[in-house]
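A, B, C and D label the chains in the order they appear, each numbered from 1.
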């Protein structure tokens, strides 16, 4: 249905070798790249600098685990129903990496891009903050229901990126926005982890359209840990019973 | 339905901190562990040694990408149908990490465990090889349809593990088995990548029951790369058209 | 996190009975309702009239099958990778029931609701048609790439609904909109199947927010048929080979 | 990779028509077949008799809904995380239609086939019952944790099938097996719903390898109802909170 024929730059195997992005898997990649470096290389087509690797590792570590989340509950229940196919349990969990929790990362990234692309960054940041405030909507990347007054992950992430030596444009835009958010709300709102991550992924060249994918990979790793714990100390039947009791039937 | 109440050792957040496996996410993990190290820590409850990290990285790099596979095709098609939820496209792809391709890793790991646990490892290896041969079944971890005479990934993976200094019991069992497989078949069968990976994951303490999860995480990362390429150079509609033409309708 | 405790009106089992929406599954439902009637009852809390059943059956029959679609391809590939868990293959396929193909049903339903709720339905229809035309965007529910000049399913669906005796407000709104669409575009655009289905589901009281669910159920049934055909006449390996050849590797 | 080229008997569209299994969708199927009849036709390639339709409807109605099950919980949580893609929430839920709950249907069907295919059905049934009993394993299709002494769905399903006039071979095999099960266990075990359904689906010609697909379709319909209830009376956040409290963190 398209005239131009698509191609792939990602990978191919021949009778005696496998190539990824032009590199020999066996000679150039296995044993030479970490998983994080390989992920960056496969996704963006260039090997990351040490700074980019440091930042991507920090983001992936941050996103992996949050305990008994909706995704972890779904994974544990599906594992119990279908223990012979653990990929299905992981899939059920990552289906929860949707707009509600991770969408804010993308929304924040879009705002940062708008600030960076503008002539007067401060006034763009101010206009954005005021627009969300006037609409009485939460502004993505700011605020947290539990972690008050500040989400401790955000300054840590930003410090790692600055120490590593990223260009700094996205972090600067985030700080401009934070100042204007506090002004528009008339009180301090924390930069939350998704806000900081949006800036960091921007710094290392991950496009906004695929940022959610980074979260998916990291959560997938976390969910495998929940499956392992379910194998050792099963919780799924207890969860089922507790939920069944917590949502009583009232009839039609 | 169970009497003993389940608990979790994985993670918890409080009003001002997040803990994973007893460690503070912000103070002890972000910026200090790579993603690979964090994955090991979250899954197994202990930080990996340098050797274990090296081996796990090599395995994850090896499994990530194989080009236009069934999983990659599924992910690309679902992305085109539902671009607003890329987690769904990744989920569709990882559902293909099933028994057909990855099950051989688990089957090989089970054989290696049987050899290691036995009194006379050589005779156990011989009995296993002869049992599969007599049943005219492929023995998991050996042989490859395209990569002949040898899968180049396997010696590379084993060399990395030995250089890193793993204990060596699983690799030894794999070599014993390989000798007996060649004898039973009367010709050389390559140790394939899933065979080598089964040995390496055994060396670093990943239990056989959750090995498939390692593959799921690595493939998830690869599939995000296919989504990114689909965003830049869409292939899904072309794939659809080609497949539609390749499977003609014959009526009832 | 919510103050009011949620309840369910859907189902409960006791030591000797199962209740759905206040009715006894064994005494009132099994053998007395068709699957379509049960689906309506479970979803909307009231047993359907004969007219509503007739319409819902027609919609479900229409949506079930379109041959070698992206969903069917994904299901067949995942089935081949994981034949021991056919639910995973169905899940992979229904993940494709997303905005690209089914979103137009919801978009059309929203337009019909807007027309119905307005004081002057004709002028609202006209304004809607002109708005989409001015934005050079396709208007959901109209046009079809292959079926020209008219999608034959639409008049058939509307005729069935009218013969069955539905109230007619949504169909009337669709016809008003069709007239204005042809005027705004300066040529005839067919009402396509998703447009007609949006009207029919509106006629029988299915809310717009859950219409996509009807399509998911119907496609799930279709996908089980593809799995059965894959068991009898496997196509997945052929599909893989054809696609691999159709998307050549160009390297980094 | 296969020499013979695969074909499809399922569906095709041309410029002005859509065909399913050789029939015109518009002229022969929409408005003429119920969803249940269409599902049978698409799956098995022949239109069902009235008896077959009656039985398939009874099975689909029975399987649809069981209240707050693991599948329903997963669907509700994923819907809350990703409300823009309700197909993802349904997919998460149907991933739970696995071996734990639905595998017993397939296991029972396999036993019934073995009985039917044997020369002496009674002695085969006896041998099967004794084999499971000796292995101290539950025999698929018998027993129920809550519904005692008898699962009320089973006699109802069998009565419907017999009134409808099915051939009766599978039901006869199930009764033979039930007698031998009670003898082997030394007490009465109920034929449960999955046992009765295995017999009924066998009676109408649904092959054992695809029986699970029937359950997937029916549960998909039930899960859409849970999504609708979640839209009207959200439970997901309450479920999350309750589960989080029920699985306490103990640290590493």
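Everything below uses one rule, namely that a residue touches a chain if its C-beta (ideal position, glycine included) is under 8 Å from a C-beta of that chain, and two chains touch if they have at least 3 such contacts.
A quick note: this is a predicted structure, and the numbers were derived from the prediction, not measured.
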{"item": "Chain separated most widely from chain B, comparing mean CA positions", "value": "C"}
{"item": "Turning angle required so that chain C lies on chain D, C-alpha fit (0 to 180°, nearest 5)", "value": "180"}
{"item": "Approximate Å spacing (C-alpha centroids) for the pair chain C, chain D", "value": "23"}
{"item": "Whole-Å gap between the CA centroids of chain B and chain D", "value": "32"}
{"item": "Where chain B and chain C are represented by their mean Cα positions, the distance between them in whole Å", "value": "37"}
{"item": "Sequence positions of chain D contacting 2 or more other chains", "value": "5-12, 67-68, 82, 84-85, 87-88, 91-92, 95-99, 235, 238, 240, 246-247, 249"}
{"item": "Chain contact graph, described as a line, ring, star, complete graph or other shape", "value": "complete"}
{"item": "Interface residues, chain D side, partner chain B - complex", "value": "5-12, 19, 21-23, 45, 82, 84-85, 87-88, 91, 246-252"}
{"item": "Partner chain C, residues of chain B touching it in the complex", "value": "67-71, 73-74, 77-78, 80-85, 88-89, 91-92, 95-101, 235-236, 238-240, 242-244, 246-247, 249"}
{"item": "Residue ranges of chain A touching chain B (in the complex, touch as defined)", "value": "1-2, 5-18, 20, 25-26, 29-31, 33-36, 38-39, 42-44, 54, 56-58, 60-62, 64-68, 85-88, 90-92, 94-99, 146-148, 152-153, 156-157, 159-160, 207, 209-210, 212-214, 216-218, 220-222, 224-229, 231, 233-235, 237-238, 240-241"}
